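Below you'll find the structure, written out as structure tokens, and then a few comments.
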Amino acid sequence: MKYAFYPGCSLEVNAAAYDVSVRAVARVLGVELVELDDWNCCGATEYFSQDELTACAVIARNLALVEPSMNQLTAPCAACFLNLKKVDRLMAEHPDLGGKINEALAAGGLHYDPGRVRVRHLLEVIHTDVGEEAIKAKVVRPLTGLRVAPYYGCQVVRPYKDVDDPEYPVKMDELFRWLGAEVVDYPVKSHCCGGHMTQISEPEAFELIRRLLQSALEYDTDVIACLCPMCQLNMDAYQSRVNGMFNTSFHIPVLYFTQLLGLALGVPEKDLGFGKEIVSAGPVIHAKLAAC
Amino acid sequence: MAERVGVYVCHCGSNIAGMVDCEAVARWAKENVSDVAVSRDYKFMCSSLGQAMIEEDIRKEGLTRVVVAACSPHLHEKTFRRACSNAGLNPYLMQMCNIREHVSWVAQERDPATEKAKSLISAAVARVKRQEPLEPMKVGVNPRTLVVGGGIAGLQATLELADAGYPVVLVERSPSIGGHMAQFDKTFPTLDCSACILTPKMSEAYQHENVTLYSYAELEEVSGSVGAFKVRIRKRARSVREDLCTGCGACIEKCPRKVVDNDFEVGLGYRKAIYMPFPQAVPKIPVIDRENCTWFQRGKCRVCEKMCQPGAIDYDQQDEIIELDVGNIILATGWKLFDCRKIPQYGYGRLANVFTNMEFERLCNAAGPTSGKIVLRDGKTEPRSVAIVHCVGSRDKNHNEHCSAVCCMAALKFGHLVLEKTGAEVYSFYIDMRTNQKMYEEFYCRLLEEGMHFIRGRVAEITDAARMPGEEGKLIIQCEDTLLGRQRRIPVDMVILMGALEPQADAKELGLKCGISCSMAGWYTERHPKLDPVATMTDGVFVAGACQGAKDIPAAVAQGAAAAARVMGMITKGTVEIEPVVASIDEEGCSGCRICNNMCPYNAIEYDAGRNVSRVITALCKGCGTCVAACPAGVITGSHFNNEQIGAEIEGILWDARAAAGRGAAAAV
Amino acid sequence: MSEAFEPRIVGFLCNWCSYRAADLAGISRIKHAPNVRIIRVMCSGRVDPSFVLKALALGADGVMVAGCHPGECHYIEQNYKTIRRYGMLKHTLKAFGLEDDRVRLIWASAAEGQQLAEAIDRFVQDVRRLGPLNWPRFWNEDPARLAAVEKMAAEHAEAMEVPA
Amino acid sequence: MSKGKLAIYWAASCGGCEISILGIQEKILEVDKAFDIVLFPCGADGKVREVEKLPDKSIDLCLFNGGIRTSEQEYMARLLRAKSRVLVAFGSCAHEGCVPGLGNLHTRKEIFETNYHDSPSLDNPGGTEPHHESSVPEGTLHLPEFYDTLKTLGQTVPVDYYLPGCPPESERIWEALEAILTGQLPPPGSVIGVNTTVCDVCKRKRTEKKIKAFKRTWEVVPDEETCLLEQGLVCCGPATRAGCGALCPQVNSPCIGCYGPNGGVEDYGARLMSALASVIDSNDPEEVERIVREGLPDPVGTLYRFSLASSLLRRSSRQAEAAKA
């Protein structure tokens, strides 16, 4: 199984743990990720609001870079995934916009026919393409006893409904069940994590983050697994600030789902970027799981 | 001698005249269509005056054919056929031409509509000239009627027919008749106890000498046609002999195997492996659930056999196939509840204290698992606040677009029961309060006075993720209050979801067995939604109750009685006329090639090896015409739809094409 | 009236499903193209390929056959035979050089007034795009060649001056 | 009684009908006794001028075989119609166009292209092709005009009787002659023949037909007893008028429909198509399409082998040419 791979900027620095664990997990599961040559920024969330045409053209450049031999592009980060998918859909639904974009791409000698590349999130690739049997077969250290709260956030499950149920997604829950973990029925699993609201108005952002942590606490969660650098950053890095604002005492580690998946597949912790998280997951992992 | 055709173009008030220039069409027909002796247009052809005009023309002008250009033949073909026969003209020498539903009502401009009307009339005249006189075939009507479904609608139909002295066979799928109504505690708006008004009808039907009840049985196959249906019923093995069992219930008491009752108690209560759905079950004969009975699963136990003095237990009882001849069939198969799990954000199946309306019916029922005490899922704590969510799965494009008609009133009933029994705060989350029958609005006002809170807005989410103080351990209803114009979060202890009424899962399959179709949603299709709601496209098959569309008990009872009245009408008349549209084979021309032999699903074509010809058994032929089209020698003719008639109709309908083309080389074909 | 080409289309609708769907479209006032002139048959199984050929030979620009959805035929299975005949008819019409979009088989249950109206509109649009068919014009001979017969007859005419 | 006049003419045909006439063996003497043959291009001398001099309706019987492909044939059809009391469309070509009628799948231009320009065995460097008028030193020469569409006799002039078959069996010809001689004729305009189809006389055993695939004749060696259609061969017997005694099926060869449709049938191909399709054993549109595509690679050739010219559509569409013109 061969996919064009779009890492995205966050994976280079603040989400290095995600990058490392993604590559490790892909190796073990036999998923070949061919990094896109000379990929550029995916426009994150701000660019679209500034200037739609340029944003689309910049993002479409990534789609055009996918070699003709491959027709599937996967991105681990929710924002990159959504932007790439949205541009593909926009170009298909609005031929005139598509024409302008291709005009822009032509300057760089590139062209993109809408629909040629299928944009998939990494979770889809692992859960659906690799599938239950293949994953279960490779589980070396089942995560028995570890209470994991799968957190999806917004951009992977909305607005497009074809990845999972927008209100009550289940793919990550199933994945962790295959790994033997105790999956928390996390009621706010697809509620907003605040996104970049933390830069604009902290009270609102921290209230949203507090709700996620509060609910995790009520369901005595050991670790929250997420699939987007933004959500991981908000829940992990701002935990102390939230405690300060609402004088709560949350101490819940937040990891990328590929880190836990890597653990179950027998990859040593140091190769999965453990320790990079602010609220350390070490204690609960060692306490709950057998000697790693 | 050329035919003398009378053409009558109806205005239908403005329905046709609004878009079609009726005078011009009538004039055009007289001048341009051959053999048209009389051509008139009139405001209302189906009125007695309109019909009188036709009768008078037939007598005075010596008309030998009539064409009526008006509405769909499904509406008034019979009316104008009767007008012709009154005037001594064979009714099958009349042809209707649909210029209302197919022309004026769907037209965007007047001229194309008028031109289309002309071509349809030209076609009808060309066809009618080739139609031959026919006599409808009379079939005797067997007075016995089959009623499928023992709910309130089926019971009403059964009792009406039985009281009128006609034999009825009532077939019910579950072990007891009573349908959903038997599960209810109270009924709105009068709040009288459901069992009190239902059980008398159930026992009356059971003891009635004209009623044969087959419970725990299903309709398997139907053949034949109106007046003479042949039905096969599969009576599933109860493993209890009905003739010996006294209904004492000793077997049930001593049966060691207890299982969750997902049918009658909708998963709230338990029942034994040998059980009766509810105490007042009719017939009062238990059934062994073979999936859960230890004897059937592991070959041990047989306690019930030991406890049964009359020795009624019979483990080797097999399903029984019963063949019956009936004249008419009434389908009253009712509805099923929407699976509330399909809306995950309401949390049913995940959050313990979210109940469906049927679960709550059992909660507040004195004979229910909690003997009427309204308690949470733990069976002990009484809720201090209850939320009732309307339209769960109804009025929702993702699930069912239809309104389920009964949930608003049922919600009010639940509100009253909660206020009366627990004094808890009751919140109703509604979109529109639909209280449109007798005494319904009054009941709504009563609940307003009793202090039930009504919040207008569709519920977005039911969650136990508390945010505000005071929300811990509660179920929080997140909704938009459209009257206040803002989002609200109401913490409650218990939620009741008013699930939608949906067609039965096998409705389509059962409908196909009886030759009737279903609407897009899955309800049975009636012959006419307003004027003929209990009859169907197939003569002799009637529908009553919720299977035809979500409705409340009074409407279901009314339809049950209406269907019975229609059947009685046919029985007293004694015979029913069947359209004389049948196929026939000219045995001289038939070469015995047998291509037609497997064209007929009703086995109405048989091969006579001796004379090397095939023959149509007229009684079984339903007139579909498939064999007529298949015959390579062209020797099978279909009366009233033969090749010459349809050929002429094609020529007539393309009168303007042939004129425009100018005939090519001389065609003597 | 718009000078756009208005195709003449003959529609064979089965009495139990598609004809009632057309009635329902009427009852619900669903406006749609008037080009399909409807002939009622008891079942789509009654529609003989000769009817389609006859309509085309008489100058129709398109023919539509409509029946109940497979599995929902009032006569249980007769629309399956329609599928078989339609398959062979279309294969033959292709060899006759007829464009594929001029003859079409659709399914519409009695409750699908809207769907039938939409199918009719789509079909009329497709046939309008193909332009007039007017099959009889293919039989016309070149007038010059017909003149040859008259010329020959004229030449031979005086030879025929023969006493009665 | 004085001898009647008999004319036998052949237009777009192969002459097989004439041979079949001679096939009545010694009975030709009976015919000679009853008739003076005024025109029999294939069998005896006779000039058109002579026929033109005859008064109208003076020929008692004209057996006209062959379709109308050229202007001369049309002229002769009109001439013989005027001169004959009883004009019989004799044999499949006159009755329904027959194999020459299959030319209607093409146009005059395409036929000339194949005949005079791009057939492999052709040596015609100058690319000469026939013209209606061509001038030569001696004067201008005339050839008949070659029509785009072959017409049957019935589509050109009113015909009294049709005698189907390619060729009609000699016995059927003799029966027809006897009927004409004795005046016991069916109503004018009808086909002289029996009103049932070949299966009536075919000895093969027939049961219910369920066909999964139509096979070509070289694909299966049929057994002697079972109906050929049930063995997957496209046998046109069920749709073809009887009269030949099921000659072909007797020798393990499927009937190809040369006697034309049964009485009262407007389009032979449609009847056959409807019958064959109805017994295909599949309800899935894709599978039906595959069975039909693989089983009948040349549907018009198979279904309308003899009756294309007299079918409802009569010829293929000349959309392309019409579009270009």
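As written, the chain order gives the labels A, B, C and D, with residue 1 at the start of each chain.
Following the convention adopted for this analysis, contacts are C-beta pairs under 8 Å (C-beta built on N, C-alpha and C of every residue); 3 or more make two chains touch, one makes a residue touch a chain.
Everything quoted here is computed from the prediction, not taken from an experiment.
Asker: Can you tell me the least number of steps between chain A and chain C, where a step is a move to a chain it touches?
Answerer: Step count on the best path from chain A to chain C: 2.
Asker: Could you please state the distance in Å, as a whole number, between where the Cα atoms of chain B are centred and where those of chain C are centred?
Answerer: 35
Asker: Could you work out how far the Cα centre of chain C sits from that of chain D, in whole Å?
Answerer: Taking the average C-alpha coordinate of chain C and of chain D, the gap between them is 28 Å.
Asker: Could you put a whole-Å number on the gap between the CA centroids of chain B and chain D?
Answerer: Taking the mean C-alpha position of each chain, the two centres sit 57 Å apart.
Asker: What is the distance in Å between the mean C-alpha positions of chain A and chain B?
Answerer: Between these chains, centre-to-centre, one finds 50 Å.
Asker: Hunt down the residues of chain A that sit against at least two other chains at once, touch-wise.
Answerer: none
Asker: Got the chain C residues that touch at least 2 other chains?
Answerer: Touching at least two other chains: 48-50, 54, 77, 81, 85, 137, 139, 141.
Asker: For chain B, what residues touch not just one other chain but two or more?
Answerer: 599, 626, 629-630, 643, 647, 665
Asker: By the document's touch definition, which label belongs to this structure's chain graph: line, ring, star, complete, or other?
Answerer: Its topology fits none of the listed shapes; call it other.
Asker: Note which residues of chain D are touching chain C in the complex, please.
Answerer: Residues 48-49, 52-55, 71-72, 74-75, 78-79, 105, 132, 144-149, 266-267, 269-271, 273-274, 276-278, 280, 282-285, 288-289, 291-293, 296, 298-300, 303, 311-320, 322 of chain D touch chain C in their complex.
Asker: Quick check: in the complex, which residue numbers of chain C touch chain B?
Answerer: 1, 6, 8, 10, 16-17, 19-20, 22-23, 25-27, 29-32, 34, 37-43, 45-51, 54-55, 58-60, 68, 71-72, 74-78, 81, 85, 109-112, 117, 134, 136-137, 139-141
Asker: Going by the contact rule set out above, which residues of chain B touch chain A in the complex?
Answerer: Contacts found on chain B: 344-345, 347, 350, 461, 463-467.
Asker: Touching chain B in the complex: which residues of chain A?
Answerer: Listed in rising order, the residues of chain A that touch chain B are 165, 167-168, 185, 187-188, 211, 214-215, 218.
Asker: Where on chain D is chain B touching in the complex?
Answerer: Residues in contact with chain B: 149, 151, 154-156, 158-159, 195-200, 206-210, 237-239, 242, 261-266, 271-272, 274-275, 278-279, 310.
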